[in-house]
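What follows is a set of structures for review.
Each of the two complexes below includes chain A, the first together with chain B, the second together with chain C.
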Partner chain A sequence: MNEHDFIEQLVNLMDTEEDISMDSSLENIEEWDSLSYVSFLAMCTKHLGRRVEPQKVREAKTVRDLYEIVNE
Partner chain B sequence: MSKVYISIGDYAIREIEESDLSQLLEWRNSPEIHSKMLTDHIITWDEHLAWFKKIKEQDPTLNFAFVYQDKLVGYAGYTKYDPVTKTGDGGSYLAPELDLPVDAGIYSGELLLYYGFETLGIKKTVTDVFLDNERVVKMNKLMGSKIISSHKLKKGGKVKEVVTMELTYEDWRKSFYREFFL
Partner chain C sequence: MIFKGIRGETVQDINFCFQNRNYVVVGASSGIGKQITLDLAESGANVLAIARNNERLDDVRLLYPDKITTAVINVLCARDNDWRGVLDPFVTKYGKINGGIYTAGISKIASLKMLDEEDARDVVETSFWGMLFFLKFITRKKYSCVGSSFVVFSSAASYIGQKGGIAYAAAKAAVSNAVKSIASEIAANKQRINSISPGWVKTNMTELAEQESGGIVSSDLESAYPLGLGVPKNISGMALFLMSDAASWITGSDVVIDGGFLVGRF
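After this line comes the complex of A and B, so read on.
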């Protein structure tokens, strides 16, 4: 998944209207909450066919950190 | 030392102490949390104290302080519990101003559900939520809840749609999200 597609998926997943880039800080995105967090874990399982570690997602600071988790 | 009822990782639900009360009331009456509650009423200190005295006498315990790394960060509890029908109506809220980990909301819900289903032995939870509280409705669905009915309620001079959401023990047990956190 390239960066553009990833951001598009993340925006849909969070249902946010904010302008998001790879360097966006997650703590500044209001919709980065428990719902988005669980939805992100579910998306990874569905699209990657593998389970990602919740702890890594929890500790992510930026959109790029999430992207790197997906592309590990 | 406060009694801890259940803990998972850094999160726990413990008994509510008198020293928690002013903070809990401030959060409960904050615009962020009050706007999501079904009632219009702003709770007074005297009402809050009376509630505390009542819950201290409850057996089993139904109301808890939600803590992260031993620090009070919210509330979780059952406002209704029927030991005959084995039904509970639960809810939780987090401190609106604290910068909590992104999973705090999941654990406040999960700890309360775990206590209800595994300790109280309830068979289902039944909770009313404003339909426009979309993120909570979606989160409840992710946790296994289903909408079973809806009705209208007047709040702040406006008529709003309320959905009643039910979560059975069986649906909770097989909720996919639990595999990530337990």
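After this line comes the complex of A and C, so read on.
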């Protein structure tokens, strides 16, 4: 998945109207909450066919960190 | 007072005697259904244990090889012929059924906005539609005795809903609601049906939910349960009681067994 597609998916998942870029800090995105976190894990399982480490997702600070988890 | 079961296991307080009785358990390979299967066998009943995974079913059977028979069915696609195919030989060999327990259920976490249609349908079909097709057959006079008792599984989630559990909680509410209509239909044959709504019970299902949610669903869990988290044995006793003659005036009810979860919230 390229950066553009990833951001599109993430925006869709969080249902946010904020401008999201690779450098956006997750802390500042109101919609990045526990439900988004769980949905993100589910999306990874579904689309990547493998489980990502929840711990890594919890520790992610930026959108780029999430992108890297997906592309590992 | 302490009793001994047929295999010498310690049975406390209440001892059920289901000698010469026959039961069918759907979802018998794991968790609550497995515990109910073992308790029924321990009480002397013949049990037809059903699930998808033959290996896990066989592990259950081997604990009471004289009492437990197994059959593989996937409730997502089982239709008339499949149910007849497993019920006919069991009833021919042991006689009519005294009761049925349906515990098959799955949970898939998804928010409303990210709802996956296929997953959501599987959740509803496993808990609700699968149950209806099972009951459609097993309640027939051909298979079940007058006075037989059925127990199906709802959930505490059906009372309060659950973030990320829309399809699951709704399917479970459908289960306890359908029980009322079914109870009034099958009463003509003195048959009974009730549902059980467990809170968090440690089984494969809850372990998977814990993994899927990256620990979110299980954080602060202990504090939400005044009596602590449940184990399958906390549930199976009620299922056996509902099967017994002592429960002969109980039908169309839902029994919450949740360690105080619903009343303990604030």
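Criterion: the second predicted complex is superposed on the first by the 72 of 72 C-alpha atoms of A that agree within 3 Å, B and C clash if a C-alpha of one lies under 4 Å from a C-alpha of the other, contacts with A are read in each partner's own complex, and residues count from 1 in each chain.
Operating definition for what follows: a contact is a pair of C-beta atoms (placed from the backbone, for glycine too) under 8 Å apart; a residue touches a chain by one contact, two chains touch by 3 or more.
This is a predicted model, so every value here is computed, not measured.
S.K.: Where does A:Leu48 make contact in the superposed view: on chain B (first), on chain C (second), on both, or on neither?
M.R.: Neither partner.
S.K.: Could you say whether A:Met22 touches chain B, chain C, both of them, or neither, answering first, second, both or neither?
M.R.: A:Met22 contacts neither chain B nor chain C.
S.K.: For A:Ile69, decide between first (touching chain B), second (touching chain C), both and neither.
M.R.: In the superposition, A:Ile69 contacts neither chain B nor chain C.
S.K.: Contacts for A:Leu13 in the overlay, against chain B (first) and chain C (second): which applies, first, second, both or neither?
M.R.: second
S.K.: Where does A:Trp32 make contact in the superposed view: on chain B (first), on chain C (second), on both, or on neither?
M.R.: First partner only, chain B.
S.K.: Would you please give the residues of chain A that touch chain B in one complex and also touch chain C in the other complex?
M.R.: 34-39, 41-42, 51, 54, 57-58
S.K.: In their shared complex, at which residues does chain A touch chain B?
M.R.: The touching residues are 26-27, 31-39, 41-42, 51, 54, 57-58.
S.K.: In their complex, what parts of chain C are in touch with chain A?
M.R.: 108-111, 113-114, 116, 163-164, 211-216
S.K.: For chain A, which residues are in contact with chain C within the complex?
M.R.: 12-13, 15, 34-39, 41-43, 45-46, 51, 54-55, 57-58
S.K.: Report the residues of chain B in contact with chain A in the complex, numbered from low to high.
M.R.: The contact residues of chain B facing chain A are 99, 101-106, 135, 138-139, 142, 176-177, 179-181.
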